[in-house]
Amino acid sequence: MRFLLRRLVAVPLTLLGVSVLVFVTTELVPGDVARTILGREASAESVARLRSQLGLDAPLPERYADWLGGFLTGRWGESYTLGVPVRDLVLDRLAASMLLAALAFALLVPVAVGLGLVAGVNHDRPVDRLVSVSGLALGATPEFVTGVVLLVVFAVRLRWFPSSAQAPDGSSLLVRLGHLALPALSLVLLCTGYVARHVRAGAVVAIESAYAGAAELRGLTRWQVVRRHVLRNSTIPATSALGVQLQFLLGGLVTVELLFNHPGIGALLLSSAVDKDLPTLQATAMVLGLLYMVIVLAADVAYRLLDPRIRLGAAS
Amino acid sequence: MTGLRIENLSVAYAGKAAVRGVSFTVAPGQTYGLVGESGCGKTTVGRALGGQVARGGAITSGRIVVDGVDVLGLPPAGLRRWRAAALAVVHQEASASLDPTMRVGTQLAQALRARGRDRREVPELLERVRLPDPRAIARRYPHQLSGGQQQRVVIAAALAARPRLLVLDEPTTGLDATVEREILELIGELRVELAAAVVLISHDLDLVGRLCDRVGVLYAGRLVEEGPAGAVLREPAHPYPAALLAGTPRLGRTRRTHPLTPIPGHPPVPGEELAGCSFAPRCPRADALCHATAPAPSAVAVAVAVAGVPVPPVASGVAALHQASCHHPDQARRPEPRPQPPQRQPAETEPAETEPTETGPAVPESGPLLEIRGLTRRYGRTVAVDGADLVIRRGEVVGLVGESGSGKTTLARAVAGLAGRGPGTITLHGRPLHPSVTRRDPGQRRAVQMVFQNPYASLNPSHTVRVILAKAARSLGGTREPADLAREAGLDAYILDARPDRLSGGQRQRAAIARAFAGEPDLVVCDEPVSALDVSVQAGVLRLLDDRQRAGGTSYLFISHDLAVVGYLADRIAVMYQGRIVEQGPAGQVLHGPHHPYTALLVGSRRPGPPGRVSATGCPFAGTCPSRVGGLCDTSAPPARDLGQGHVVRCHLDPDRLPRRAGNSTSP
Amino acid sequence: MTAIALPFTRRHRHRTALGIGAGIVLAWAVVAVLWPQLVPYEPDLQDPAARFLPPGGAHWLGTDQFGRDTFSRLLAGARPVLLVAPAATVLAVVAGTLVGLAAGTYGGLLDEIVMRVLDAVVVFPSIIATVLVVALAGRSVTVMVLVIAASFVPIVARSVRAATLVEREKSYVEAARLRGERSWGLTVREILPNVAPTVLVEATSRFGDAIFAAATLSFLGLGQPPGSPDWGASVSDNRLWLQLAPWTVLGPALAIASLVVGIALVADALRGRWEAS
Amino acid sequence: GAGGGAPLTGADSGAPQAGTGASAAASVPPRRGGTLRAGSPPPPTAVDPVTMYDGSAIAIVQLVADYLIWLDRDFTLKPRLAEKWESEDGGKRWAFTLRKGVTFSDGTPLDAEIVKASFDRLLDPKSKSAALSAFDTVLAKGGVSVRDAATVVFTLERTFSDFPYLVSAGNYNAVILKKDYAGDFTKKPIGTGPFLLESYDASSGATFTRNPKYWEPGKPYLDGVKITFYADDQADLLALQSGEIDAQILSRPQLVGPLKGLGDITVDQVQGTGLTAFTLRTDRPPFDRKEARQAVAYALDRPGVNATVYDGIGALGNDHLFAPLFPAAPDGIAQRAKDPAKVAELLGGQPLKFTLTYDPPSKDYALTVQNQLKQAGIQVELDQRTSADFYGGDQEKDTPWLFSTANLVGWAGRATPSQFIIPMVKGGGVWNGSKYANPDVDAAADAYDAAQTPEERATQAEIIAKALHEDVPLIVSVWSGTVRAYNGRKFTGIQAHPSSYVDFSSVSQVV
């Protein structure tokens, strides 16, 4: 697996590049984290004092080297603004995001694959159009709109689900999942169309393929043909689409995190970028970057594993 | 009654008739061949036999009765049960009819389970289609098998059905000659054993003649002629099969002795309604009657079935009937006797045509144009071409044959300067050619041109034919206008302003040939230029290549896996095996022998031995060679033996022990 | 922001889909040009006495927290949307195509480097980039266009590169090389016209994405200048009042959805046609 | 001698009154127990009483720690850790007598030394506290002394009649903390307040339990408080509506206004002294001309701003810094109203066009101003910056909020008008964004602070107000009101506060 090796080597290099980029770009953003911490009413002297306390008056390369050294040895520092250890903060937020992403993904896969299959098998019939167009329309509706609608209906009116994604401490897994249900649902609504379209495309190819026709001529029912042949052949090409969605679910959730009060990594990324909280920002960017690359790689590997043609090389 | 009976079957796609009123019967144990040009409805009939039509299609009329069961009248569940119990279909492309993501064994197991049988029979099934090491094969995925092996697996799945009706749709198309023969042998054996009604679909008249009892010729969705295979393929009553036969190259017939006559025009597309006979626009003998009224099927005088043709096993009186839908059935027969189909005929009946002496004087002796010495090309660790030596003389057509993967394309691309770098030299007019085309000087670029296999990819789809030809003419220093080039290639002027996607395969290949001749080349490399084409179109393109060669005295390096095609065009033939040229010499001598044991295999005079081990130092063919000399062949490289007239064979065997094309080994 | 790519559909007539899609897009395009003639109120006009009016006779789609007419704003919002999305799309497609063609043509080290750089761009959080650019250059349409375009370049480049690699293997390319064409010229003259369908399909898909991306940027307060009737901005400005005055949100949200669906239908149908030919 | 006016001195009012809910509580004894779940935005920075400035952090600290004096919702001062206070030496020295028997949650008894330490911490020139600016020119390091264990004395730099406000909750950093407080409030949360901080998580929230050692007997009634952080206003509101929280710490009038009386939700409302200052730079065109400034002031439709931006709960402003709530607010100045004719006259046919700089919280205000001025023929270009950008930069040279031509700055309510006047409009004031300098105003501001009688103060106030109204260095169109929404079916005693402060010691479950 030379490809895997080459890609793995690229990961730290890309991350290094990203960290430099983050450092340099944040430096260019106007604003001052010391001022943010102390508020606008604090005196200029206090702010200057805090700056030097935080080491912000050192030259950029020196600060970068310091940060890099610390980061690599596991000392991720303290958040400038929140004053808590960055590592705990980032990893906690990441864990929260991952839980939500995992739930959303777990719902997304069967729903999107199911709808994609239904659409593909019945392609160019009304069901297909319904799935395709509604998937597109939902995908085009910002998640904060669907989110609020879900909240108003299910949390405020019906009170079936809590409005906040955060369960009280020590809740059982079931309760926690209940809290995550609405945000996960709004994400599923957002992403289903995209994945379903990919599955559908695969399903159309598969259902019209000679092997599906052959299976039917062997006396299998439609359903058997779909289950045995179409399902796998249509989901394999959709793995990269699923990877893209997983990436999005992990880092692109700022709006959902805000709306459902789910302190996740997306919101942390935004707030630390706005506040110029560099240690937090850097760590968040690195962790997310790593995760992104792992996901893309995993999607590629999954594709290779699932598709025997690639897994086992070209024809012998 | 038992067997298959089709009555008045019609199928339409989006309301346009693709198959019209087809009726025939097949008795159990009998094989019925369906032949015709591409698009005439063969596959559509084949699928309809299982009650299946492609999306957008519908069976508009007709009955299909198998062993008394009216298939089309079955309710969906009943149809499924019937399919499971009585039907087996082997599709056109084996690789497409196997699920790429599922192990072969699993797929067979499913086929078995559908018939209520045990999955433990899988190895047995694989063994019956003569696949080595069935257990290992069962664990593989389709792409891990060769085309021939895949086709066997599909046949195995069909066997699992113990069908009453077996439909074989082009079971050997796309397979190379040796594999094709193995598959055909297998089918021949199983046919008897199964005692099912078999429908064999093919455009290959030879093959149908060899395997079938009766033949139906489809044209534009109609059965234009039907009758015993021997009669139809030797003495066709309808001008269409006669024309098909006239356009098919056969081993032992060269362009100098038997020029092919392609059928002009092209078949009507579905929905194109003609008042009279649908073949009339292309028929040389059509008269007003033909254009005005459609002919009805009528019996052909049985007297035509000349002595010597064994009467096929007759299941019913109808089977012997020979019918044709033609107003002038007798005129289709040529005055001279048709060559006998190879079916169950000893090859010795046509010795005059395979006499090498007949082709001798046609080859002009001239100096070398291109010399290849010790050419080696690798892809990673694969050695695609391994120290090949080849000489092409001025004005000479050199045919290059060999099984798939033997390195033909790589050699051709090396000559054209597209195969990257590697050891060995190529000289043109005595001057070395740079391995990379971009480093060759304009004169050399002009001198060597290429016609590619896939007509669909070889023309830039975004340019019109005129632009393509003009660009070629300009950069190759040609003097002729696109219009002239097109006319020389037999293309109508209107085509010049069309983009390639509007052209048929044959027209594209003609355009590609016109492009190759834009700069008056000395050598044109043709890599399987006709293998993607239909029989009748192939004949036209072969004629064109022949014309262009004669007109300009251009040399060809002509590649094909089809020996008949190579034999038709080539003056000299080189045979490649695993990257090495194992034999080269005058076409007739190479084909007729004495020749290399591998060539013998290709021309069908020998059965392959069991595959064995090959050492790096010995003869690459040693593993499979039926006449292997133990020890010697395995360990030392074979010497080049000159048999005279430039006929060189690389083999340890004594020249007089080399095999000859003695007889036809494909016995029933 | 999600990418809404439209996978292949095969050889079917898509004329109705094309008609509906093109109809939607054209209708919005007309609105974008002619809205000053069509609106019953000036879109920015505030009326403190008419806040949060439900849809009715005077205000067809009601009013928002400033007492502005939602319907007028909906019509006026078509213009910024139809400026940002096409501009961002064109930029992304041009840049992505050049990068993808170069990577696909020259291959080797260049390809490797380009692909890794694109990886880094994808991995680099776009929020940071947005915050940065907005902070440096202020909120403006140009900034928004640039940010969205930049985030799309890798996507376009990847698919163009893939298409180039496929085309490069076809024998017409070799035929051109036999004529003496060299790499870049060959790419531009022979390959580019044939990856054009990919480019165009990318363009249509990216166009849908761009609308969505603009809406998301607006939600984060990073998009259009304040007060713009841009749909994305309207949705994000008004979503706080979704419960109280749903008409302020649903109008622009449906408009976005309709435009994206329209574009998708067109893209889909065009792809279907290429497939068919 | 001791000041006579109510604002000047304070005394223990004795009976434990519980605000508006008290009337009900008077007949039925408040029920004990229960946990109040409240929502609030996450504090943007670490919660440190010394440096905090945002509402959430202040609320968290106020639940746990206490002030010498509480600033009540009607701007009266309520004794807390100080039982009484009086001025000496003509208002230059102030003595505070501490309540007896108060202990910190770790058992340390409160004494004058601790109070002194708390203020010394804020007065240290190295302090990072914003209180340092509040004490500027009034109280300097070394000005706090211990007279006896129960008396703290503040010796001022100048006479300041409103000084008790500066050591009250009105100066929110002035909480009394232990001597050894080292900046880690959320880790060692020790105070004298009604609740104990049990847990704190910067991302999710904080939990509090009753402080058994709280000095006021019987209080608090609640067993505990749980604050959940909502980074999004809508999420906060939806949580309230869905019953997931019982109250909001910081409610937005525009959002909760429409919910008044819907379902279980009760909205308490109070006048405030907060404002959005629409500052015009008087030293630079176009606003170096008084007429231009006045034109803008006359172009505004103030009731319209109140309706649109404050949901109608604010009080109209008259372009000076005396909120109606301040006792010294002059009433002799005519309310300025929209007057297009006057605008035209003032502009004299010249076009007026300017750029308005602001940060996101002022967005609605900016849009409203822009549209209103447009209707009066004045063209406004909006320049929205991120908060970091707007308040960032060099405070002496270029920070946008102090140096742009025109800008909007939101000010939370202050306890005394001086807290606005001195920094904002006095010549050279630290937050004088208009660069306004009027010797009369400067003198009157000093005289106001030094004034010993309400009458004298009113006189000075009128001078200042008239000058500001006339010169318009900044436009005050509306004085904000504040609201607090809560579940009235479940809890009583929750009140809105002009500065959104929290005092949950009197909150109890509905019986």
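Chains here go by letter, A, B, C and D, matching the order in which they are written, and residues are numbered from 1 within each.
Operating definition for what follows: contacts are C-beta pairs under 8 Å (C-beta built on N, C-alpha and C of every residue); 3 or more make two chains touch, one makes a residue touch a chain.
The structure presented is a predicted model; accordingly, all values stated were derived computationally and were not measured.
The greater number of contacting C-beta pairs, out of the two interfaces B-C and A-C, is seen for A-C. We define each chain's centre as the mean of its Cα atoms; on that basis subunit B and subunit C are separated by 50 Å. Averaging Cα coordinates per chain places subunit B and subunit D 92 Å apart. Work out the mean CA point of subunit A and of subunit C, and you get 21 Å between them.
Separating the centre of subunit A from that of subunit B, both taken as means of CA atoms, is a distance of 53 Å.
Across the assembly, subunit A contributes residues 29-31, 148, 152, 156, 208, 274 that each touch 2 or more other chains.
For subunit C, residues that reach two or more other chains under the stated contact definition are 131, 135, 239, 242-243.
Pairs of chains meeting the touch criterion: A-B, A-C, A-D, B-C, C-D.
Subunit B makes touch with subunit C in their complex at residues 413, 416-418, 437-438, 442, 445, 448-450, 452-454, 457-463, 471-472, 475-476, 501, 512, 515. Remark: subunit D residues 42, 44-46, 48, 51, 53-54, 125-130, 132-133, 202-204, 228-232, 234-236, 238-239, 241-244, 386-389, 391-396, 401, 430-431 touch subunit A in the complex. Those residues of subunit C lying in contact with subunit B across their complex are 170-172, 174-182, 190, 193-194, 196, 277. Residue ranges of subunit A in contact with subunit D, taken from their complex: 29-33, 35-47, 49-50, 79, 81-84, 89, 92-93, 148, 151-152, 155-156, 159, 162-164, 166, 257-261, 263, 267-268, 271, 274-276. For subunit A in complex with subunit B, the residues that touch the partner chain are 208-211, 213-221, 228-229, 232-233, 236, 306-309, 312, 314-316.
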